[in-house]
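As structure tokens, here come the structures.
The following pair of complexes shares a single chain, chain A, combined with chain B in the former and chain C in the latter.
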Partner chain A sequence: MPELTRYMEPTMENNKVTNLLTDPLDVINIGLEGFATELKQQGVAVTHVDWSPPAAGDPKIADLLSKLGT
Partner chain B sequence: MQLIENANQEAVTRMLSADPVLIDVIPASEAIPALKDHMILHAGPPVAWADMCGPMQGAIAGIAVFEGWASDLEDAAAKAATGAFDFHPNHHFDAVGPMTGMTTLSQPLMVVENRTYKNRAYCALNEGLGKVMRFGGNDASVLARLAWLRDSFGPAVGRALRSGDGIPLKHLIARGLTMGDEMHQRNVACSGLLLRELAPALARTADDNDELAKALAFIGGNDQFFLNVAMAMGKSIMDPVRNIHGSSIVTAMCRNGTDFGIRVSGTGDTWFTAPVEMPEGLYFPGFTEADANPDMGDSTIVETIGLGGFAMGASPAVAGFVGAGAASEAGNFTRTMSEIAAGENPEWTIPAMDYLGVPTGIDIRLVLETGLAPTINTGIAHREPGVGQVGAGVVRAPMKCFEGALIALAESVGVK
Partner chain C sequence: MSSTIINEVRRGFYLDSVALMRFSRAIASLDGIEEAALMMASPSNRQIMADAGLLDATSDGAEGGDLIIGIRAVNAEAAETARAEANLLLDTPTGAQGEGQSWRPKSLRAAVKARPDANLALISVAGDFAAAEARKALRRGLHVMMFSDNVSIADELALKREAQSLGLLVMGPDCGTAIINGTPLAFANKVTDGDIGVIGASGTGTQEITCLISQGGGGISHAIGVGGRDLKDEIGGITTLMALDALDADPKTRHIVLISKPPAAAVAARVVERIAASQKTFTVCFIGAESWQLPDNASLALSLKAAAEQALGGRALFADFQAGALAQPAPAAKVRGLFSGGTLCAEVQTLFKAAGEQVMSNAAIPGVLDLAAPADAHKIIDLGSDEYTQGRPHPMIDPSVRDQALQDAIKDKSVGVILLDVVIGYGAHNDPAGHLVDSLGTALAGDTLIIASVTGTDADPQNRRGQITKLQAAGILVAPCNADATVLALACIRLNR
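After this line comes the complex of A and B, so read on.
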């Protein structure tokens, strides 16, 4: 298992990942607002980004938009 | 697509280079020669009598009595139901009208001339607040006011305007934006500025001091007097933008209380419609959402040129009046509408937003890509005819209009 051993070494990157589990979180939520609401209720700092797929996911309109360009 | 980019650049150039001037008030029969006896122009896209909402039917009954085409309201409604009147949208005759938007032969119409493109647009005079025909009011007091507008006030304002070179509107709007107007639900500054311009000429051309005093008090006592001027101005700005091949810029938005309709430059005069939505807002004491009529009127021409809901940042007071949130949030509406606009207007700026120009040129592609529908500030009519205004609020243009327009635009430029 040489590859796994290398990933488990205590590098700076690994420390960042570990810190995610211990430090206070500051979350950016994109799309469904329900996830942001849930986190806010648990006292987590959340910035919600109001986003939805182009043309609300309608494939025909999305295809036309890609061809007509913006 | 370069064709569309070039076409939209031309569309925005035409909007920004417009020079609208209020030049006259004349009877509709003179302004619109195609207007005939028993023809009634209404707000919004085409709609049949049977599909009209309560206030629209109420206004039609009232205007038919006013024109002498029916003996009373019941007679007028019966005649309307049997096809005695021809109904057409104001937009088909270079005109616009607020809420129900009644235009008939004897109505005095304000004339705004776009001196850059030599076209004219028309709108009836604002009747004031309370029980008025634009909200479906049709009793004796409403008809008496219309008669005074026709016989005294309209001719007086027309004489005053003809005595000079007209009142240029572009700079007046620019000043109004700095004074807290967005020109849809707040017109107090522009109404005052217009009165300042108009009063000397009214006085010089008046032949009856009592009528002069009454006219001055009528304008001075109506904070929304300027709305109808702004609407005729909007129509005069947008009409030269029609029929630019490939352009995805919206040239008209309007509603008849049943359907919402849009026109897009590249698709000519075709209407793209969808059922109109209910405004969300605040109600006058004694009224609730259950009393409200769906959205109505040609006044969305104001949003089409970047004012109204698009200029909410200039008018924090309106955000509270229409129930759109805190005054500090007003700028968010303008910023959001900037995301669906092809450009901004460097002459119509908002000081509180670091002189941001109002969003100009609604691009249907951006509306659909972002999912952001145009925001419209609007009055709310009672759903029953004859009652009048019951509140004010915000409403969104239905996305289905923009989807239909995009499909038609794609076909017009050979894209499948």
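After this line comes the complex of A and C, so read on.
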């Protein structure tokens, strides 16, 4: 049996989910451009990233780079 | 005469999968082309192209960041014409580029620098890269909605734990639907604003429930997607529990609907404990579960329609719909369900099972036979599952995924009723009803009854009423919701007996 994740009660200071539900949405879209187009049509602030696979398309190196904060 | 195969590799050239699917179809439809695909050269895509007989040695060195043009044609001339057309399409500016948008960030880091108030990353890149992008987003303080699938459960757990420690939400992976403060994200509908919150481990389940609540005079505060695996033991319901906290604290939300497949027992216990601690009321729909021990402030709904009715305070939906009066004798005894929505497919199975009918499915709920079982039963198929969508877009984006299965069902003399969903809204095909009617063509004049429902609202870009009118004009029986379409199908096959 896999170990159960321990659920940590978020504190009021670090729980930003409430802000997501109340602040205006400002979306960064990475991937399907159609999602950005539709949000824009609805008047939602959206920035579409002109993305291409990082690390010359090597997912393992891309994963490593993301962990290093780059 | 043997075919000609042409490959061309574009190094470091990226386009999203939907754009590439569109181009692939355009090239495949050219004269003299047997098969064609334009795909990023990930290992899984290369396998799909190899299986389709589209690769030659030219593409051997292609890597994940490269694009492969693969064409198989009746002769070299047709292949070269198609290659030229493919290159023309790839070099034509798309979307916002064509509209002259001056600057587009090349990375999430650049985007956040330009938009310091950004609060949500919507990620739909290929699964191999999705976890890395999600991690970058979390570390820049963004909540994440991961539409991408094919993300490992280990990555999902790591991301959700990191998000939890930062007080951020990870919706997904494989999260198709969310509505945040009235804004539909990815595959979602324009519903009425209101005081009912939804937490959904299921995209189409959330779509059906939010639309039914909206049609029934209620409204949605927020619909938070959690991803299909959140309530499994391995993840422990991290996002579901955070969403419960958020909606419980949200003054706009009065009642909360939770929709999921039946969760792991230990996870369910913690979710139920969290519900019991709330002052708000809950509707719980663990689709496929017939009973569940819930606290006094929560009630179990056996179907999506029942969940919407309970959320509306017990108001009956579509009370004037009389399946018995509309039913026609089915010409044969079996129902074939062909669904683009996985949870709509599950709802049908639930209702068939409750009616004592033997059902089989490729996405079987507990107590339903697997499609491979040697049985003479109704077949209810989820066309959005992996075996139908590998290398192809989801049927909600590309309804042609259903075309062949429809023709097969019409030719099958044991099938008396074909039961369908038509799902509209943001993200979905711009006219799925029109496509369905066109693909049926003259088959509509046959004996087989076709019954459908349309998940969506009149405020959606496709307009639900307009979609229903198209279906009805073609002779398709349209019920007001998926559950009612199922009841109508059952009534039709009973008249056959």
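In this section, the second predicted complex is superposed on the first by the 40 of 70 C-alpha atoms of A that agree within 3 Å, B and C clash if a C-alpha of one lies under 4 Å from a C-alpha of the other, contacts with A are read in each partner's own complex, and residues count from 1 in each chain.
One rule holds in what follows: a contact is a pair of C-beta atoms (placed from the backbone, for glycine too) under 8 Å apart; a residue touches a chain by one contact, two chains touch by 3 or more.
No experiment lies behind these values; they were computed from the predicted model shown.
Trainee: Just to be sure I read the superposition right, which of the two partners does A:A56 touch: chain B = first, chain C = second, or both, or neither?
Mentor: The answer is both, since A:A56 touches chain B and chain C.
Trainee: Quick one: classify A:K67 as touching chain B (first), chain C (second), both or neither.
Mentor: Both partners, chain B and chain C.
Trainee: Does chain C touch more residues of chain A than chain B does, or is it the other way round?
Mentor: Comparing touch counts on chain A for chain B and chain C gives C.
Trainee: Just checking: does A:T37 make contact with chain B only, chain C only, both, or neither of them? Give me first, second, both or neither.
Mentor: A:T37: touches chain C, not chain B.
Trainee: So, does A:T18 touch the first partner chain B, the second partner chain C, both, or neither?
Mentor: second
Trainee: Once the complexes are superposed, what residues of chain A are shared between the chain B interface and the chain C interface?
Mentor: 52, 54-56, 58, 65, 67, 69
Trainee: Of all residues in chain A, which touch chain B in the complex?
Mentor: That would be residues 52, 54-56, 58, 60-61, 64-65, 67-70 of chain A.
Trainee: Considering the complex alone, what residue numbers of chain A touch chain C?
Mentor: 1-2, 4-8, 10-11, 13-23, 25-39, 42, 44-45, 47-59, 62-63, 65-67, 69
Trainee: Quick check: in the complex, which residue numbers of chain B touch chain A?
Mentor: These residues of chain B touch chain A: 1, 4-5, 248, 363, 365-366, 368-371, 399, 403, 406-407, 409-410, 413, 415.
Trainee: Touching chain A in the complex: which residues of chain C?
Mentor: For chain C paired with chain A, touching residues are 12-14, 16-19, 40-42, 63-66, 94-96, 104-108, 110-112, 114-115, 117-126, 128-129, 131-133, 135-137, 139, 141-143, 147-148, 157, 160-161, 164-169, 180-181, 183-186, 221-222, 233-238, 241-243, 245-247, 249-250, 252, 266-267, 270, 426-427, 461.
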